[in-house]
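Okay, got some structures for you below.
Shared between the two complexes below is subunit A, which pairs with subunit B and subunit C, respectively.
The block that comes next holds the complex of A and B.
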């Protein structure tokens, strides 16, 4: 039983989150354990977590996508351009912008799966291309987006901001799909052993391409949410998002070699990083230190992971 | 009634004609053995039948109907299931998820029905007499258990034609018996079986008919009764094989002595290897090499070779210092050493610049042997040296080991292939449950005695 709990990153992360929260709550009793602070943490985490769900899917199948941060910015700028410059109605503008994100994912996925281009190189190149396109569309950015667009990210339900609900919905839906449908279950086989998956009758290439499309689509949704929440679209949105999200997903139990990970892990990993960032703000740690500390956390988790696996695999 | 007919199947790879006009027919409810040396085209033919490769020419006819497969899935749909030699299992998933890979039982909503999946898995495992939990991770299984799960996976697809590729390579006698019973049972149900194995004794036990391939060409199909082992080998290899006698170069000096060695999986191991004296095994490989010990791992492709590097690079890899001129690594010197090994060990490769992955199993094993001989060892530990190697190459490896023993090196061979042990070894140590259960000299050793010591 202990073995199971330690090996399952989900339990470990929940325990860690509780310990960290309780300790911080004791040290900063007035600022940390409040409803306002926690809803702020969840709101900050929501965009990362939605992108992390797509990244989890990719890492389970043994690949990753560095262009997601650029896609967030691109979709934000594109939807603003459609609404303000081209006068396209809000719903259609959103659909078109998300469709463009899907197209980016399709290009990435096709070249990686069918033309066997290294995922790191392909998505690194796409990261530059898409960021450039975002800058080209918006130059300095767009402000005062339409009211009907802004309410998507700014309204509340039961006192909680909408992006948090979208995040929870995304996690629940994908968690269900990954455990209960054969289609999504295939990604564990592909990440575990591509050749064996092929011999088991799985169309590995097609499935891989679809994973990139889904991941880019979720990044597109994140782009819509962030711009509607801010009421503005900046071409610099989502800078560094890809590394933050990959860190969260690995914290959440994925492995760069593929085959491991569960969708709730993506949420918990993102939440953990969000709480640490929040604690550092409360404790008035400088911004420079925040990045250093997040890097150290990632290395520490990976080391802990190896150590625990070694210890308990002998039992 | 015929179940499967192959007509004029040909397949070429760059530089090689792997299959050349193959015509084979398999009857319903028949065990049909496919024989041939490595490189004869058995794997290619199997890959074509399982939808993994497409033939360049020819037709596959199933139940009188011509078919063509674009991928493994289409082969399953036509009732062909394959037990692959290199396992098609996923380590980090459960036994049940492996057996029902991509064909999970579903409920009315089309969602995976886990309870049903575990139940059906338990049923298949019971039928195969495998005592493991359906929820267990495949990574925790032994190689033999993995092989049995692989078989379970094929059976779960309820095939009409079952292709078995070297299914017994990692199984014990007990498991082989279970497998054979299942094969007989399937046969009675009218399932056809295409059985590929290097173990000729199995072929004579199981098969109704035998088809032979040699260098990608069809050598004919024979009734088992009309064939002797000698004739079969001759048709496969194209020449007679000489019998091997042990080296008998044994000297009285002790080369390696192990006293009361204990570890996680064994205890109190004692034995001596003659000529010279060196103890201490469980240290860093670099230390062992310095002390004159070379270890040829069982897992040749993962632990023995750098598959994507050339034969030359592989041969010098364990002793890069030997390829120096002055203080610098010399490609010319490395090439010289590699050429020397190539001649000495008769490695069949177009050149020493060829990538190791392009050689046959037997020649790969020779490269591994050459690599370790570069470290000038006194003691060679060889673990299952002929695993997955065809008959002709097997005898060549034996010959090389014998020559090495004659030249004064001590050889510690680990093997579960009894005829192999009886044929070549001076002495046989039998291990059982982590301890040495007996020692036999060549003259007294028989298969029965070894089995008795290994399983009492």
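The block that comes next holds the complex of A and C.
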């Protein structure tokens, strides 16, 4: 039992989250353990967590995508352009913008899976192309987006802002798909041993391409949500998001070599980083320290994970 | 399972879905349609200020940017020491507006005495309104934020920065020649600066603008762009920079090409490296902001508002007025070779 718990980084992360939350709650009893603060933490991590779900799928299959942050900005700017400049109705503008994200994912996936271009090079190049396109579309960004668009990210359900619910829905849907459907479970085989998966009849190339399409699609959804939450579309959105999301996914149990990870891990990883950032704001720790502390926590978590695994695998 | 039980099950499912939809409709709160709705909310629910744990919080982005650290933040910390109150500086290490918004949202929950916000982008308007609605005195500095209800703004008009550079460049190149310009693309304040520059340059038909470039807030990138520009246009007359790293980057490329003083440079900021480059004659003009004033007086405004230092009526809150200036243009410093020594400390 202990061995099983230790082998799954999710449990370690839950334990760490609980310990950190309890200690912080004792130190800051009036500001940290409140409904408002926690709904704010969830809201702040919602965009990262949605993108992290797509990244988790990619990392399970042994690849990653550095263009997700640029896709977030591109979709945000494109939807704003469609609504404000082309006067396209809100629902159609959203559909078109998300379709463009899927297309970006399709191009990435096709070139990586079928033309065997290195994922890092391909997605790095796409990151530049898409960011440039976002800058070209919006120049200094678009403000005052339509009210009916802003409702998507600014409405509240049971006192919690909608992006949190979309995040939970995304995690639930993909958790179900990854655990209960044969199609999605194949990603574990691909990530574990690509050659063996191919020999067993899995369409590895097609599956990889689909993973990139899904990841870009989720980044597109995140772009819609962040712009509707802000009521504005900025070409600078999502800068550094890719590294933040990869960190969250690794914290949540994925491995860069593929074959490992669970969808809730993506949420927990993002949540862990969000809670640490929140604690630093409450404790008034300056921004200089935030990156250092997050880096130390990442190294510590991975070290603890390795150490526990080593100890209990001997049992 | 017989047909009846299947029907019952599907009925239950439909009922459950209906219940969820009804719950959703009744629990869903829509955002306010106009800014006035937010103002009304703020006027009715302002809690009385207490000074038990008096604290003033500055929230910026790119918190570790040297110019912000050396000027804005140092001045704010100095103010805190002079007033003997707690001051804190928060925000992401990199240029990340959504992360700045998240930090402001989280700070609102901790109810500081006053909130000093770097006006990085118009997208922060909503969170500023949220802070105001929560009854926190809120001052914006650097760039003004349209559609926001902050109590005061202190800063520079970026259009004027562009205009000042344009007018100086026209003089330096005698109204003719090729010009390139760069800054961080996508930032609304810089785009305003670009507009100011182009509005001046377009009056001179013999001036050709060869391009607008993204320096990505990096000295290396600014140097690379400038070197490419010099190669592509050997007769380049001048380059204008709109972000701090542009000045040293452009200067590096111009010096390496052996064209120091021949290719004219106008740029922003007055950091020691910029001043040194003006002194040696590589940069001809610095349009520098009085950044120390942004945060010193911004914090002082918050203090005066919280302490009701100047009352303008029997009940300022009731009368719907604030007793601090609404808009302060701190102006620009025009630094050239003639006066640069006065700025080197």
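As a working rule, the second predicted complex is superposed on the first by the 315 of 315 C-alpha atoms of A that agree within 3 Å, B and C clash if a C-alpha of one lies under 4 Å from a C-alpha of the other, contacts with A are read in each partner's own complex, and residues count from 1 in each chain.
The rule we apply is simple: a contact is a pair of C-beta atoms (placed from the backbone, for glycine too) under 8 Å apart; a residue touches a chain by one contact, two chains touch by 3 or more.
These numbers were taken from a predicted model, which means no experiment stands behind them.
Annotation: superposed three-chain arrangement on subunit A; subunit B versus subunit C shows no clash, the two fitting side by side. When subunit A is checked against subunit B and against subunit C, the one touching more of its residues turns out to be C. When the two structures are aligned on the shared chain, A:11 is found in touch with neither subunit B nor subunit C.
Applying the stated contact rule after C-alpha superposition, one finds that A:185 touches subunit B and leaves subunit C untouched. Of the two partner chains placed around the shared chain by superposition, neither subunit B nor subunit C is touched by A:114. Within the superposed three-chain model, A:37 lies in touch with subunit C and out of touch with subunit B [touch as defined at top]. In the superposition on chain A, A:138 makes contact with subunit C only, while subunit B stays out of contact range.
The superposition of the two structures on chain A yields an angle of 140 degrees at the Cα centre of subunit A, opening toward subunit B and subunit C, reported in steps of 10. When the shared chain is aligned, subunit B comes close enough to touch A:195, but subunit C does not. In the superposed model, A:303 lies in contact with neither subunit B nor subunit C. Taking every C-alpha atom of subunit B against every C-alpha atom of subunit C, the smallest gap after superposition is 13 Å.
Partner subunit C is touched in their complex by these residues of subunit A: 31, 34, 36-37, 40-41, 43-44, 47, 134-135, 138-141, 143-144, 147, 150-151, 154-159, 226, 230-232, 234-237, 239-240, 277-278, 281-282, 284, 286-288, 290-291.
Contact residues on subunit B toward subunit A in their complex (touch as defined above): 50, 52, 71-73, 76, 82, 84, 87-93, 97, 101-104, 106, 110-112, 153. Put simply, subunit A touches subunit B in their complex at residues 179-182, 185-186, 188-189, 192-193, 195-203, 259-260. For subunit C in complex with subunit A, the touching residues are 24, 27-31, 33, 57, 60, 63-64, 88-98, 101-103, 105-107, 109-110, 121-123, 125-126, 146-147, 185-188, 190-192, 214.
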